[in-house]
Amino acid sequence: MKIGKRALLLAAMLATLTMVLAACSSGTSSKDKTATAGAGGAKTPAAGATTAATKAATGAAGSITVKKGDKIKIGISTTLTTDNAELGIPIRDAALLAIKTKGTIKGFGIEGDPQDDGCAGPASVTAANKLIADGVVAVIGPMCSGGAVAALDPLSGANMLTVSASATNPSVTAQGKKNFFRTAWNDATQGAEMAKYAYTTLGKKNVVLVNDQSTYGKGLMDVFKASFTAAGGKVASEEAVTVGEKDFGPTVTKIKGESPDLVVFGGFIAEGAVLVRQLKDAGVTASFMGADGIADQKYIDQSGGAAEGSYVSRGPKPTDTKLYDAFAAAYKAEYKKDAGQFTEQATDATNIVLAAIEKVATVDGSGNLVIDRQKLIDAVAATSYAGASGQIDFDAKGDRKVVGAVNEIDQVKSGKLTRIQ
Amino acid sequence: MQEWIQLLIDGITIGGVYAVIALGYTLVYGVLRMINFAHGELFMMGAFTGYYTLNGFEKHSSLNDSVPVLTIAIAIVLGMVVAVTLALVMERIAYRPLRRAPRLAPLISAIGVSILLRNIMLRATNAQGKVYPKVFPRTAVEIGEIRLLYVQIFLIVLSFVFLGLLYLFIQRTKAGVAIRAVAEDRDTASLMGINVDRTIMTTFAVGAALAGAAGVVYGMFVTTATSGMGFIPGIKAFTAAVLGGIGSVPGAMAGGYFLGISEAISTKFFGAQYKDVVAFVLLVAVLIFRPWGLFGKREDKRA
Amino acid sequence: MAILSVRHVSRAFEGLIALNDVSMEVEAETIVGVIGPNGAGKTTLFNLLTGFYRPTSGEIWFEGKRVDGLPLHRIAAAGISRTFQNIRLFSNMTAIENVLVGSHLHLSTNIATAILRLPFTVKQEKRAVQSAVETLRFVGLAGRENELAWNLAYGEQRRLEIARALAVRPRMLLLDEPTAGMNPGESVDMIRLIRALRDDLRMTVVLIEHQMRVVMGVCEYITVLDHGEKISEGRPEDVQKDQRVIEAYLGTGALLSEGAS
């Protein structure tokens, strides 16, 4: 029986550990935590880089060599498990489609190397190290901000070109990593625009903020709060939900007690859809506002009708939708599904990377393809690209330069996202 | 005041779910001294079975509208059948061969099964959450500010019914007597003519039936089924089982409600981001001061 | 005809031969003693008879059926039941629940009948409880039905183990040191109970015993083991005179005195 108790304790510890890990990985809001994850990962990339060097690169340091007959590998760091995979898998699919469409570069085939980054620090670092060891030329991703912040340490250590389609938190580019770019929009602008729209246009004065404890969700709500209170609005309370949970009863009860006139949510589809429905079930009449993490038809479908009327902020679609429509049609033809949120940014990120490779890659005397990592990064920095998500130019931090409107606001009308600003 | 009552109701709602799932942990621990970490996934599979069943009725008939009682009953029964089948297969393939292995082996095997089931459903659904058709009207009973969805009442009542049935089963049936005997002393039980293998299978089956049924009803309540939805309730129910005293049937029941209500109330005070912390502080406190649980029996008192 | 036939049974534990080529026959409705110094292999023999261990070689036949190699619960169903040298009750159950576990084989209640409480079920449950009460009275535990097993006195626990074994409705009962740790008064009661098992319930009883007074007083036939081998068998008065038996017990002083542990 003594052994029984010990096994029990062991199991309990294991469970606790799992929860703590899950909590840490989704809640990398503090700088310290990020730093630790980075430092932990910092040692491994050196080893990873060595492996990569022996395996794929034989040329000078800082360059990667693809042997004659081998394929150019493009890493894809995105979320393939957990409920967040409903955003992550389409991102992967869009990147793979762009690679397939491109076909070859200078006679070399191209293949995608998707790795699950768990939408969080530790798993994203693991995915990054795996991709470095696999000898990829560049990485599309990581999908989530918390993961990107942590994974950028090993990735920049390997001087790996990294382009994310969806990591939107300001902290990601604030690190000043020269190898990182994003085709997603920085939340610093998005959060402020949302606050302005809520306060000025909608006339909401008393809000409750809900985040999913991710770097993205918490970060977006922090920006919103700063702008909203600066404008004179009141944040009645800040609540959180746990990714993977489906019953937010007590949180909803608490929100109801605050009688807000708007509930703002920073997070992704699964939790957003559940939250908006349970608010409605509980008789909360306040409007609901979310951001690009839920700007997808799946949010509406999963809400069982409760999403009707909610406001959704997202990066602006270009006024000329020709390129977007062409991409969406190609995506639908390939996967028999509608292109969802972030897929257009993912296809643009991939195309930018492939074009840059084409530009800098040279074939050496033995017929191998040599790609200089720094030149590749420089080529992307100089990119000016008209893509499915609009015109893309990068600023010095790797953020997308704002052209025209900085974001758009949609509203769910008759079960569809409809642009209202 | 009304907010407190509402929070209490919220706690009882999820607490009942924890309690029903916790029974599976406690029963299996009783007979095998093993934590079946894949148990939460049986709950998830129940939720998916419920979805596929009700969605099937929705698409191919009008039975959901004309006789919802029937379609819901069928969904619950099928949820139980699927969960039981899976539990029996996993017992046979992943646990039985490891019965004489070191304790860590079946534990790791269970975690493996859990990951496998989650990923199978992730692939099968292409990571898309499934939305239940509207079988239950989402209307509510309202008393002042207090609001109770009908489906929520159904969930609360059904949890009580399941707990009652399980208690009856354990106390009054031949198989229940066998489970209790095997839990106390496997070898002696078999000398009393009890088929230990079959009793262990019965135990898995009973726990799975409860989890599967709970999955269907919970799925109707939250209206979605996703591959990850069993994970957190599974861990919470395990916590509830340990809180109550693992191996103890009344303990698992009480532990479930205790945890659900504590979480709801702590949300009011600290916000939901700390409710897991509250749960695990409770767990650690219990393990330190009352390792046999709030309701479990102190083992060193035994003869 | 012999009810039990042990044929050239051996059992080794990683090189240690606990039982070596032992054969014995037990006639129906007799009381047979198995004696021998500590470590002679007596408990091992019981463990083989009840299926706890399988013989390394040899066969065991019970009522004309081969039982070695059968799973434990099948042997129990075949009609062999036992008690333990170290009491192994279901200590968190009441006395009557322990006995009801024993009668488990003969119940047919399931969850449906438990809910519906059909007249048939109620009757069956009543009968099971009634017979459990009777069994408890038979072993001298009347009035102690609802006591938790671990609250019972030591001698009562030994009796409860016998009651539980009886509930399986065996035809042969194996008792491993039924008077161990008992005072003389309790031992006398136990002897009376063992006789009653045979006389009233027509049970075949095989018992392991150290107290010679008990062995000589109650057994009609005795098998002597030493170092895993059968060194003697026969009627008590003959065995007592056997030179090999005297040698085996030499120095232990146990053969004629009050009893070793």
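Order of writing sets the chain letters: A, B and C. Residues in each chain are counted from 1.
Going forward, a residue touches a chain if its C-beta (ideal position, glycine included) is under 8 Å from a C-beta of that chain, and two chains touch if they have at least 3 such contacts.
On a predicted model such as this, the values are computed, not experimentally measured, just so you know.
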Most central chain, Cα average position: B
From chain C, the most remote chain by mean C-alpha position: A
Between B-C and A-B, the pair joined by more C-beta contacts: A-B
Where chain A and chain C are represented by their mean Cα positions, the distance between them in whole Å: 71
Chain centre separation (chain A, chain B; CA means) in Å: 34
Whole-Å gap separating chain B and chain C, where each centre is the average of the chain's CA atoms: 42
Junction residues of chain B, two or more chains touched: 302
Chain C-facing residues of chain B, complex: 165, 168-169, 172-175, 177-178, 180-181, 184-185, 187-196, 297, 301-303
Interfacial residue positions of chain B with respect to chain A in the complex: 3, 6-7, 10-11, 13-14, 17, 29, 33-35, 37, 103-104, 107, 118-119, 122, 126-129, 131-132, 134, 138, 140, 142, 145, 147, 149, 218, 221-224, 226-229, 231-232, 235, 238-239, 242, 246, 263-265, 267-268, 271-273, 275-277, 280, 283-284, 287, 291, 299-300, 302
In the complex with chain B, residue positions of chain A that touch it: 1, 3-5, 7-12, 14-16, 18-20, 23, 27, 80-83, 85-86, 88-89, 213, 237-242, 244-254, 256-257, 269-270, 273-274, 277-278, 281-283, 298, 301-302, 304
Parts of chain C lying in touch with chain B, wherever the complex brings them together: 50, 52, 71-73, 76-77, 81-82, 84, 87-93, 97, 100-102, 104-105, 107-111, 113-115, 125, 149-150, 157, 164, 167-168
